[in-house]
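Each of the next two complexes has chain A plus one other chain: chain B in the first, chain C in the second.
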Partner chain A sequence: MQIQQALQELITKMADDELVIGHRNSEWTGLGPVMEEDIAFSSMAQDKIGHALALYRLLEEHFGGTDPDQFAFLRNAADFRCCHFVEMPIGSYEFSLMRHFLFDHAETVRYQALALSKFAPFQHLAGKAKGELKYHTLHADAWIIQLCTAGKDSRERMQAALDNSFQLAGGIFEPGPAEELLIAEEIYPGESALYKQWLSHISPVMEKAGLVLPEMTAPVYGGRTGKHTPYLQQLLNEMGEVFRLDPEATW
Partner chain B sequence: MQTITTLQAVYHSLEQLMDPEIPVLNVLELGMITDVKVDIEGVHIKMIPTFAACPAIDLIKENIKNAVEKDLQMPAFVSVDKEVNWNSNRLTAEAKEKLRDFGIAPPGRHEGDVNLDMLVKVNCPHCGSENTYLRSPFGSTLCRAMHFCKQCGMMFEQFKPLS
Partner chain C sequence: MYGGGYIFDEPNRKQQREEQLHDDPVKLAAFEARIARGEKIEPGDWMPAEYRRQLIRLIEQHAHSEIIGALPEGTWITRAPGFKRKLALIAKVQDEVGHGQLLYNAAETLGKSREAMINDLLSGKSKYSNVFNYPAKTWADVTVIGFLIDAAAIVNQVANSKGSYGPYCRALERICYEESFHLKQGHDAFIELATGTPAQKEMLQDALNRWWQPIMHFFGPPDKTSSHSEKLMQWKVKMASNDDMRNQFLDAYVPKIWELGLTLPDPLLRKNPDTGKWEYSDPDWDLFFEVIKGNGPCNKERLDVRKWAEEHGRWIRKALMRPEEMERSALPVA
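Here is the complex of A and B:
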């Protein structure tokens, strides 16, 4: 595999993660347990989809990719490279909150690394994204600590949410094809390095919250090679429903 | 000479152009304009969004184009500058004063990195008290956070510091 192709794979999986989690976050609009949470998940959805758009534009401008809207709305599940974690339905609030916490710290370490990438367009994009992500992790950390220290029932539900999420979160770091090429070119440090940094980011918060970090025994892989849960196609059907009525329409 | 006069006219035109979400600030005060050039084709303006997913960006681009073309009677080309990222230090001192008068706490100046204190310790724009807390890092627009003042009992918004 050529380096250009490996780079496209990297950008595509990042963008697909952002788009799909963005859509899932937006499903809390109107349903948040309190108004501030409704607004927070809606705002984070907007940020995620903005980052997805910026990444799809990189594909379009640097690799001769298709128009971002077409790319986002017209592909089927098998063409997506997102991890299973972001595909899962919003479920309970504690699951969505835990996913937000685990995912946003993963994204933070990724963009921190990409800010130093030898692929110059990453530096620009990562500089912007990591500033915005501060607000996401601030939000996640505050709620995780708050709910984990709010009594027995609350703490148990948060621990259960973590136990249910952790192997799925491992799927964020599924190694990509030919990533050693990208590591050698200092384009990015590779998934296992990011995984270690991620652990060092989430551990202090977990400790403060009194959460027990599970062992990563069976990370849920498959998404990066186009194998998905049935939830993804359902999400894509809904997300692209209006767009597919008239793909040539201008808005 | 001709060009200088034209440039001044462009800046004058931009000064009249308010942000759709913060109607007391123009696009120059917000630090959204990164370059203005005039050549035989017309006026070339480069601009940047505050937050990457700012939904107002296309509207602002169009407003700039329409205003400059109307005021100068020459073609205007507005594009997003990919070399520069917006950060909250780009807000001018006047802009921060106007924000406060409008009831939005302005972001403090940062040294390249935003720390937690800057997000949490915010003076109330209504009564000036330091006795406030961050209610949510997300507000009515991507660039705002929600705070509460324990002194005067008012909710208020802060324009978020961004590095």
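Here is the complex of A and C:
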């Protein structure tokens, strides 16, 4: 695999993660446990989808990719490269909050690394994303700590959410094809390095919250090679429902 | 969005309302003089009990309309076609929920807690704009809501923002500012369909046909049948009559609809060149009251969603609150 192709794979998986989790977060609009959370999840959804769009534009501009709308709204699940974690339905609020916490810290370490990338467009993108992510992780940390220190019931719920999420979160760091080429060119440090940094980011918050970090025994891989849960195709059918009525039309 | 012109009042409160009108005449005269001078009434100021009650009713129903109004459009966020529409719709619906939050805060300054208001919404005691009890069946419905229902709401809210209660006016000023962006994106999406493929135009015409009656209902019953308006207008709680607002809306938006080659399902709709007023067929007002009673196509669905959110969020709200706050929010409200 050539370096260009490895880079495209990296951008595609990042963009697909962002689009799908943004879509999931947006499903909380109107359903949040308090209005303030409703608003927070909608706001973060816009940021994620905005990141996805910026990444799809990189593909279009630098790699001769298709128009972002066509690329995002017409592909089927097998052509997506997102991890299983983001595909899962919103479930309970505690699951969605835990996913937001684990995913946003992962995204933060990724963009911190990309700010130093030898691929210049990443630097620009990372600068903007990092500013937004600071607030996302502040939000997640505050809620995790608040809920986990409010009593036995809520701490148990959050621990269960963490236990249910952790192996899925490991899937964020599924190694990409030929990522060693990108590491050698200092385009990004590779998934294993990001995973270690991620652990060092989430551990202090977990400790403060009194949560027990599970062992990463069986990270859920497959998404990066196009193997997905059935939830993804359902999500994509819904997402493309109107767009696919007439992909040539403007909406 | 979304305050409609019609504010539901419980019929059995009439007696109580009359009793409450016996306020201290000196204070009442001073209060009314302040309003007549164009001063704003602030939360700590003396106000007649009936003024307080009517304002709570008005602002609370407006707040409910915002959060319930987020639902019909919210269901289309996941299906919005393309990045531009998807991002705009999420931002718009987020704003609406934010408006709900602002309005609940404004109503709380009058002494009723957000929780008590939400409880009244869920029990059906407190109402919200009828227009949200209709289904959004296609993407074109979202554009009709985003353009025309937001436009109608702006007519109402701009009028109310010149009212007498300071916190409500200030909330509305901010809301109207954001609404003007919503209207633009609604109009843009509407035009896109109106000037699009034959299938898109057909989809839009169908949505317009279905939404026209709820839109005509939006400002409430005709002035000739509307009760308790006079005092509310003197107190600057109600700032324009239902018919005047409806006329203002028709004047601004019917030409825009017709210009796009669309039709409206009312053969009598026309502007009378002599009076300058719009004439139209009376919408079915019996249906309007049936929907208020809870018998519209989506009343149950809307409240069920809110109930789900309340139920699933209970442990979270509990975990956020200190015990003394829990006790305070449980107190009954006068």
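Quick note on the criterion: the second predicted complex is superposed on the first by the 250 of 251 C-alpha atoms of A that agree within 3 Å, B and C clash if a C-alpha of one lies under 4 Å from a C-alpha of the other, contacts with A are read in each partner's own complex, and residues count from 1 in each chain.
To be clear about the criterion, contacts are C-beta pairs under 8 Å (C-beta built on N, C-alpha and C of every residue); 3 or more make two chains touch, one makes a residue touch a chain.
Here the structure is a predicted model, which is why all the values come from computation and not from measurement.
Visitor: Answer with first, second, both or neither: which of chain B and chain C does A:Tyr135 touch in the superposed model?
Guide: It touches chain B, and chain C stays clear.
Visitor: Figure out whether A:Leu53 sits in contact with chain B (first) or chain C (second), or with both, or with neither.
Guide: both
Visitor: Where does A:Val205 make contact in the superposed view: on chain B (first), on chain C (second), on both, or on neither?
Guide: Once the two structures are laid over each other on A, A:Val205 reaches no partner at all.
Visitor: Who does A:His124 touch here: chain B (first), chain C (second), both, or neither?
Guide: A:His124: touches chain B, not chain C.
Visitor: In the superposed arrangement, does A:Ile39 touch chain B (first), chain C (second), both or neither?
Guide: In the superposition, A:Ile39 contacts both chain B and chain C.
Visitor: Scan A:Ala249 for contacts with chain B and chain C and give back first, second, both or neither.
Guide: In the superposition, A:Ala249 contacts chain C only.
Visitor: Just checking: does A:Leu7 make contact with chain B only, chain C only, both, or neither of them? Give me first, second, both or neither.
Guide: Once the two structures are laid over each other on A, A:Leu7 reaches no partner at all.
Visitor: Hey, is it chain B or chain C that touches more of chain A?
Guide: C
Visitor: Would you sort A:Ala15 into first (chain B), second (chain C), both or neither based on which partner it touches?
Guide: Neither partner.
Visitor: Using the superposition on A, tell me which residues of chain A are in contact with chain B and, in the other complex, with chain C.
Guide: Residues 36, 39, 42-43, 46, 49-50, 53 of chain A touch both chain B and chain C.
Visitor: Which stretch or stretches of chain C touch chain A in the complex?
Guide: That would be residues 67, 70-71, 74, 77-83, 85-87, 90-91, 93-94, 97-98, 100-101, 104, 139, 189, 192-193, 196-197, 199-200, 305, 308-309, 312-320 of chain C.
Visitor: For chain B, which residues count as touching chain A in their complex?
Guide: Touching chain A from chain B are residues 51-55, 82-83, 85-87, 114, 116, 119, 135-140, 142, 145-146, 160, 162-163.
Visitor: Quick one: in the complex, what on chain A touches chain C?
Guide: 23, 26-27, 29-39, 42-43, 45-46, 49-50, 53, 68-69, 72-73, 92-93, 146-147, 150-151, 153-154, 157, 235, 238-239, 241-243, 245-246, 249-251
Visitor: Note which residues of chain A are touching chain B in the complex, please.
Guide: 36, 39-40, 42-44, 46-51, 53-54, 124, 127-129, 131-132, 134-135, 138-139
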